[in-house]
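Look for chain A in each of the two complexes below; its partner is chain B in the first and chain C in the second.
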Partner chain A sequence: MLKSLIYKEWIKIRLVVWIALGLSLVALINIFLKVRHDILFVDAANYWYSFLFRGVVFFSILKFLPFIIGLAIAIAQYFPETVNKRIKLTFHLPVSENGVLIWMHTFGALVILTVFLVVLVLFTAGSAIFFPSNIIRASLLTMMPWFLGGMATYFLVALILLEPMWIYRGLYTAVAAGFVTVFYTGASIGAFRPVLMPLALITLLLSFVVLFSGYRFRKGEM
Partner chain B sequence: MYAIECKNLTHYYGRKLVYENLSFNVEEGKILGLLGKNGTGKSTTINILNGFLQPNSGECLIYGENTQLLTPETKRRIGFLIEGHVQYSFMNIHQIEKFYSGFYPNWNSAPYWELMSKLKVTPKQKISTMSCGQRSQVALGLILAQDPDLLILDDFSMGLDPGYRRLFIDYMREYAKAEHKTVFVTSHIIQDMERLIDDVMIMDYNKILAQQPIGQFMSGFRQFNITLTSPDEEIDMDGIAVNIDKVKDKIEFYTYSKEDEVKGYLNAKGITYTAFEEKKMSLEDAFIGLTRKY
Partner chain C sequence: MIKFSRYILVAIGILVTSIVLPSLFWTIFEKVPRSPNIFYSCITEDFIVVDGSTRKSPEGKEYTSDEYEQALPFMFYRQLMADGTMPDTIKGVKMETPSIARASSFYRYTPKRLDAPVPTLWPLLESQSGKVNLAMPEDYFRIEKRMEFIVARTNEINEEKSSLFTDALTAEGFIFPANLIAGLPTTRKSCDEGYFITDNEGSLFHVKMIKGEPYVVRIETPEKLDIVYIEAVDLRSKEYYCYVFTRNQGIFVIMDEVYDLQRLPVDGFNPAIHTFRLSADLFNKCLTILGENWYEAIAVDDMYQVVGTHGEKWEGLYERPEGEMLATLFPFETRMRDENSSFVRFYFKPSPGIRWLIFNLIALIAAVLLITRRGWSWKANIPDLLITAVTGIYGLIATQFFPNKFSKVKPPAKK
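Moving on, here comes the complex of A and B:
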């Protein structure tokens, strides 16, 4: 059953996943071509200095990529379930209603996590060619809220899409927009370090909110 | 033994009462057709049966389980056709068969592929690009392959042309009878029901008007036409007629009484008439006679 469910979810999101990976690759190539160019024409020491002390972020092109990926995968996965209330078919499968939502959600989150890990690994590998480890570590810490924001976006968009009432959808969207903005406020190097753990915890808690929309749908809210 | 038991259902949308203390049962092995005008609660009933709506009070049981709390084992015994033959239209016919087969241990793909072989679709064609009739065959084929004990078919005729409707009905009737399946079905097109159902349940606003075997209903519910000798005469037939239509001197009325009872009633009331006629009705005529034209 799980294999079947994953099969269906993969059919819905696979195109978006390949596009997301392609876009990420293009963004990474762009970053490292620019870094190579700048280091050749400026010199490495000055370039590192501008990053460490003047807050010049050489990977800012990645900032909204996780948000876009989280948003796109959530829409690709959950919007088809809302068309003609197709979620009824999913809830009618011989699996518990919460169970089916948890599996769908876990699969979506794992796919996003995989895409993010691929991006982060490639970024780290590319950075290792040009930068010392402390710059790479600082870069990853700077990016972490963006990737957490991508995850939070996925969880919140799923909540919004499965919610049966438009007025609640509007309310959730307003709250979600305010909340997701927190992950993308400012870009100083490592500025989010002290709040990374709380943000990660909140993101983890958000993974369960989709069950509330599922519950409301099953109770016949409309 | 009942496949479906609904007891004392009461439901409101806001302040609007849909029905109050509605009770009905569906016997195992029977095909029951739920008929009703728009807004009388057909979809509400289907949603309650499928666990997508919690009634304000009362409960529905399917194979003894509350429909709000169906176990996966019981859900496996229920085939559900959503209004408009909604399916996962982002899949093609191979993908969707592969997907569903993983959920049902008794999955039998033969009837599905038999139906698919009649469709002029390409193997990789997405369901979203098929016609409504073709989609209906996909949805039907999937239900047949699932081999459920109970089939809940919500407005199966929606969007289908007469050929596909007939194909759907004939296939369903033959299958249900051969395999001793229970079917709960709604449709807007009432003439389709006559070929399909064993029992009829007719709903009106807030109540059930009739629930009985279709043969019994069709032989017991009658339409009589008379022509009044005094067209301006005010007539009162509340004691015998379920509904009455008067156009000038022509009276058309519907009743559960027999011809001699009707004549006796008219004579007792002193109503003088000519051209007494019992008119043979289709199920659609009977439905309109019972629920009125408006």
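Moving on, here comes the complex of A and C:
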């Protein structure tokens, strides 16, 4: 049962996942080709200088990628369920209603996490060719809120999509937009360091919130 | 579990509204805060307070534009020379453009610099290349377990240079890793003085490179200093190398070549919350510490002896009408940024006083009315009412956005 359930989720999101991976790969290739090109033109020492002392970020193209991935996977996974209230079929399976939703959500979150990890690992590997660990560490620190923001977006969009009433969808969207903005606040390199742990904790807690609109959906809130 | 998920959402709702609503409030009502500039005039031997477009003496006498320029001949010497009103001598010293320009300097420190992400790689320039222009090196150094130079072109460590400098530091008693590294990583300066570095035990060192060789000096301090921030400067007068800020032992400058630490006579300076300004001329230095709603200016002569002080205090943020209004509407506000830090954090700012209790009460009454109208059970809504009572309008909004419909709804009473 669980295997079939997960397979059903995979069918829904696989196209989006491959597109997300493809896009990320293109973005990463773009980043490192540009770094290589710029280093040839301005010399590596000057390139390092602009990162260290002028705050020029060479990976800014990655900023909204996690947000888009989180959004796209959430829509691919949960929007079909809201068409004709199809998720009700899932809730009729001989499994606890919460349990089903938790499994679906965990699977989606793990897939996104995997995509993000692939991007981060490839980024680190690529950076290691051109930069010392100090610059890589600072870069990862700067990117971390963007990736956490992608996870938070997934959790919040799932909440919004499963909510049965349009008015509340609007209200949730307002709160979600306000919260996701926090992750994408413009900041200098490494400025998010003290707030990363609290943000990670809140994002982890957000993984539960889909249960709320799932419950409202089940109870037929109108 | 489902109820728990709702409280997470309510908490997020409170967090978001406590960021958004006060920020909206400030966008509409915020006024430019007072931030006067204070100078010391060697002509009137008194302070001049410049606040917006007004220039006044501490007694409140207003200066015209001409009087102002004449009172500060070193700041406006080019204008005064053009007007032909520049005195030939002041206090018996002949006025010459090069010496005036050499002695003039301005410096400004804000707490944002202390609480900020810092680079961990630095370029070490050659101090005596024999060339007129300074040149950027091809490598960057870091001081962790040892001092390492990484060549940018190859992204590899220059082992030979690294051990040369590590040994030189160790010989002077440097305890790795470095705590603070301060220098001027630019070629746009008059000369290179390398870096001022504190080691893991807080001892202070001067490190530069002379003809490819390390130059390391351990700087003796009169007492153990808790140094939190150093800023190197490139003064034309070559009077001192850098400013040294300590947690609560004041501000020092390190005198050029002799490495004597000169304490600046500013008492009660807290680098975490106060701004520091310095303006220097041929005769005096004017030091100013600024708090949120006060300043204290100290004028010293060229021997750092105090020749005058002047201070002022004005109404603080929460004493002004807009601040009072905020403290009435909201029990607290959350900000992602703070004027005293370059880091992003959740800055929680409780409103002073108890006026916000009135608005919290109004929010609570609104919550009670909504529950009554919908015929919801009281028992199930006690936590929501408590949340609204404590967080006021934020709690009211958050609990309404994420409705508490877990209990059975009472059917409307039939007539």
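The definition used in the following text is that the second predicted complex is superposed on the first by the 221 of 222 C-alpha atoms of A that agree within 3 Å, B and C clash if a C-alpha of one lies under 4 Å from a C-alpha of the other, contacts with A are read in each partner's own complex, and residues count from 1 in each chain.
The working rule: a contact is a pair of C-beta atoms (placed from the backbone, for glycine too) under 8 Å apart; a residue touches a chain by one contact, two chains touch by 3 or more.
Here the structure is a predicted model, which means the values were calculated and not measured.
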item: Chain B versus chain C as contact partner of A:179, first or second or both or neither; value: second
item: Chain B versus chain C as contact partner of A:37, first or second or both or neither; value: neither
item: Chain B versus chain C as contact partner of A:14, first or second or both or neither; value: neither
item: Touched partner set for A:215, first chain B, second chain C, both or neither; value: second
item: Chain A: partner with more touched residues, chain B or chain C; value: C
item: Contacts of A:1 with chain B and chain C, given as first, second, both or neither; value: first
item: Which superposed partner A:92 touches (first chain B, second chain C, both, neither); value: first
item: Those residues of chain A which chain B touches in one complex and chain C touches in the other; value: 219
item: List of chain C residues in touch with chain A within their complex; value: 1-2, 4-6, 8-9, 12-13, 15-17, 19-20, 116-117, 119-123, 136-140, 142, 150, 152-153, 155, 185-186, 336-337, 342-346, 398, 401-403, 405-406
item: Partner chain A, residues of chain B touching it in the complex; value: 47, 50-54, 68, 72-73, 75-76, 78, 80, 82, 84, 86-88, 90-91, 95, 98-104
item: Chain C-facing residues of chain A, complex; value: 43-49, 52-53, 98, 129-132, 134-135, 138, 159, 168, 171-172, 174-175, 178-179, 182, 185, 187-195, 198, 202, 205-206, 208-212, 215-216, 219, 221
item: Residue ranges of chain A in contact with chain B within the complex; value: 1, 3-5, 7-8, 11-12, 80, 84-86, 88-89, 91-96, 217-220
